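Can you read through this structure? Questions will come right after.
Which chain is which? They are A, B and C, in the order written, and residues in each are numbered from 1.
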Amino acid sequence: MNWFINTLSSSIGKKLMMAVTGLGFVGFLTVHLIGNLTLYGGQGLFTSYVEHLHALGLLITVAELGLLLFAVIHIVIGTLLFYQNLIARPVRYKVKKNAGGRTIGSETQPYTGFIILAFIIIHLLNFHFAEHTNETLFRLVFTKLASPLYMITYIVAMIVVAVHVSHGFWSLFQTLGANHPKYMPIIQKLGIAVSLLFGVGFGFIPIFISLIA
Amino acid sequence: MQLDAKVPGGPLAEKWDRHRFELKLVNPANKRKYNIIVVGTGLAGSSASATLAELGYNIKAFCIQDSPRRAHSIAAQGGINAAKNYPNDGDSIWRLFYDTIKGGDFRSREANTYRLAQVSDNIIDQCVAQGVPFARDYGGSLVNRSFGGAQVSRTFYARGQTGQQLLLGAYSSLSRQIAAGKIKIFSRREMVELVLINGKARGIVVRNLITGEYESHEADAVVLATGGYGNVFYLSTNATSCNVGAAFRAYKKGAFFANPCFTQIHPTCIPHSGDYQSKLTLMSESLRNDGRVWVPRDPGDKRRPNDIPESERDYYLERKYPSFGNLVPRDVASRNAKEICDGGGGVGPTGYAVYLDFADAIKRDGKKIIERKYGNLFDMYQNIIDDNPYEIPMMIYPASHYVMGGLWVDYNMMSNIPGLFVLGEANFSDHGANRLGASALMQGLADGYFVIPYTIGGYLAGASFQEVKTDHPAFKEATGEAEARIKQLLSIKGKRTVDNIHRELGQIMWDYCGMARNREGLNKAKKLIQNLREEFWENVIVPGSDKDYNLSLQKAGRLADFLEFAELLATDALSREESCGGHFREEYKTEEGEAKRDDENFCHVAAWEYTGYGKSPKLHKEPLVFENVELSQRSYK
Amino acid sequence: MRQGSKTINIILKVWRQKGPKEKGRLETIPVKDVSTDMSFLEMLDVVNERLTLEGKEPIEFDNDCREGICGMCGAVVNGIAHGPEKGMTLCQLHMRKFLDGDTIVVEPWRSRAFPIVKDLIVDRSALDKIIQAGGFISMATGGAPDANAIPIAQEIAEKAMDAAACIGCGACVAACPNASAMLFVGAKISQLALLPQGKPEAAERALSMLGKMDDLGFGNCSNERECEAVCPKEIKITNIARFNREFIKASFG
């Protein structure tokens, strides 16, 4: 196991963990988004989705634990990398300009990450750990998201997620070594599409709810 | 003193093999008992350090830059010759040898030049195995090009960065030995003294350029691979740190300096634009394959080049050399450009440039073809000069580029000081009076990879060594001398900067010891150099201290050496009363105005011995004997 | 006289620092009548001549070949490593790229792994140490097979050459928001991993060079692509991806 620890503790190893867990979250967000789309179908469709989901029982617990593990890794390693990168340049430049490589996504990656972490905590407190049953969840979602403060928080958070993913998506492929002149432009475009999809798909839900509320 | 080149006997083709057999060997277990100092980490120095370390010797390698990878070999563009005959166009070791010796105007040692051609093939094998990405064809085989007017294609290349790739190959081998603990690398060190004990080279004193401290290093042999002295002209294509310092220290300690007047001027460089000019940029000679050289027929013509009609242009190379035209050898092309400009016929803001016109080539082949061949050179030109060479003719002017002269060495690459070996451009040995294109890289690597590893063993095995430590008085004395010199430079506090004086020296050398020389000019130059040297020691201003990084101080020390060396160069040029290769004496030319050798009186190596500051050096002659080639006269008419 | 030759006045703000332990600061130096045909380093030469004659210490900066190949020069000019022009070292930058009245801020490479020696000079020996950790093919002189014994597809040779073009200037580290050396290391790993001669030790090389890089205090790559944007030899981050692949192969293979 020594090689395994050595591998993961190296700089590329840490980046690999970020990439793999990041890829996991892209998958999770995709499934989450598909599930949430049932909200647009009204209470019936949404409740049936929630029931089906909860019927998975142990499977869902395992998935949750998996997600939790991924989150811990992504957050701990991300924070460590952020710190290491900070101290790699003890004296900062007086003047520093973007030479053309950085994007809003890449430049803000650690910060959007921390914002997303804060949001996830709020989000879980609101829905996951709030007292609810399959039946009341729909109402809970409606009442929470209809309030202007929550609505704005959620929309802003979803924009932040989009920005985070806009760099994270292509970046994880690069880290995994999947950069080929033929395919990288497609991956980069796909990244923008996925981040827009997440931003619009999730971000529009509170707007939709406040519209029909 | 009789100079003995120690050339082995027997037929030319068998000399090296025979010599390798006859050289004494150092027992593998004993190799680790020997310490060798290698100064310089260019092609010759890096390859020598790496190879000697692989054999088991303990190496200390020194370089002036912050990393061994930055030596000026890195800037060589064109390629490296080898007699592989891959294109099957009739090349052979013999042909490469003959071309080299003829190109050098029969002023190099037959046996050395033959060996160079012999080991050239091994160099390519070695470099490929190291991971040098030479150009290849679609089938995956190495490709060659014809270079510098050679009639066969024998030049291997890695884009326009052959020197870089070869050096990085040698640097990687060096790095491997550093990791293995066999080489200790000392960067940002400048050699300030050579230390002799009982007549043998036993160490050096270096100055740490960051702390200013003097460090003594002892060894059983010292290898100098410190490059050439082209910067004596101030403006040259050499890197700014290239200097004669280490070689000159050795000269002052008794090593003979051979043929210092053999300097090479490259015809296709970007002309200088103002007094602030710090260096000249070389553009590949290949440009002359398609460009036509001309100047306005009327010297006063200030019109823009494209406004000057064909009938009012003077394509002087095509006019004077109908058969070779724009492809005449480097020295001929350079000399003609200088003559035109000195006569006031030059172009550009300074009047020291001639046009190199691609209009006809573009009309003939189309812009695409020209762009594919020379695109990167055109970009480089446009960046520096801010003209578009696709539309307006390029301006070019010759510049100092390479020196054939250097410390005298025998067949074993050892100087007349036992234990002092000299490799690469720093020695004089293989190129005679003129070097062929793509042969400098070949020589540096031949010396380092394939010659010194054998010959140094022969020296070490054949001599006895008393143990020497750096507390030996000789080290203390050498350190004292160096320190006194540095302190003196700082104490002058005059009114002229180092660069300012160096620029003046360069101008003197360029005007009187450049592409064309004559007795009157050389005598005048000697006087001017002496005066300038005196002024330097009275009026130079060197800022800062000797306790931290101080580039001005470094440059002052190097200029002090150049100011003495320049006179030696002029003295050699004066005493060589013939024209050969890069050395053109206006008094000695054919009726057509071309270089005229005097094989009867000057078929020798002129090796100069230092006799004291301000005193005339003593000339020693090593006669050149040609048993295998017939001396012929070059003609490019 | 060429069109466009003129002189400009600029205000130079240069980082001055006596030594590695000393505190540095930006010094403002107005410079008059700069010919636009000068290179950036020639402009500094002229400033240094003036400082010297005024009895002040000149600005120390590393430079050598002055034609963009030795990798010795480099400074961050107005926030960009090697200055505003793409694919160019500082010595190749010319003053015509600046305007009359411009303020030009010049700072050294900044990275924990590159301690400042003096003014604009930094110690880049960390890059040499990484190469010593495995940036070579382990073969001794002599005994190499014929150069044409192993054919190498032109495309592979060209790709290796693209990576091998690295001049080791350190601009990638200077420009990286994280002061990471991944482009430098990735380029060497790529060159040697692509060529058949380098394959036998590819795995060991990837691990040892990475380990050394991590030890020397460089930051971690976060794919910001600033290295690629400033690289004077325009080396691509596909080389970093290849390094990542080589690492994965070496670790899990």
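Keep in mind that, in the parts below, contacts are C-beta pairs under 8 Å (C-beta built on N, C-alpha and C of every residue); 3 or more make two chains touch, one makes a residue touch a chain.
Keep in mind the model is a prediction, meaning the values are calculated, not measured.
Among the chains, the centre nearest to the mean of all shown protein C-alpha atoms is found for C.
Ranked by number of C-beta pairs in contact, the top chain pair is B-C.
Inter-chain centre distance (chain A to chain B, centres taken as mean C-alpha positions): 61 Å. Per-chain Cα centroids separate chain B from chain C by 27 Å.
Inter-chain centre distance (chain A to chain C, centres taken as mean C-alpha positions): 36 Å.
Chain contact summary for the complex, chain A toward chain C: residues 3, 7, 10-16, 81, 84-85, 87-102, 106-107, 109, 167, 170-171, 174-181, 184. Residues 47, 50-51, 54, 65-70, 72, 74-75, 84, 86, 122, 124-142, 158-159, 161, 163-165, 168, 171-173, 175-176, 178-179, 185, 187, 210, 237, 239-241, 273-274, 276-279, 281-282, 348-349, 383-387, 449-450, 453, 495, 497, 499-500, 541, 543-544, 548-552 of chain B are the ones touching chain C in the complex. Those residues of chain C whose C-beta lies close enough to touch chain A in the complex are 15, 24, 26, 76, 78-81, 86, 105, 107, 110-113, 175, 177-180, 210-211, 213-214, 217-230, 237-238, 240-248, 251-252. Partner chain B is touched in their complex by these residues of chain C: 1-2, 4-5, 18-19, 35, 37-39, 41-43, 45-46, 48-49, 51-53, 55-58, 60, 62-67, 69-72, 88, 92, 94, 96, 117-118, 121, 123-125, 127-128, 131-142, 144-148, 151-154, 157-158, 160-161, 164-165, 167-168, 191-192, 195, 197-198.
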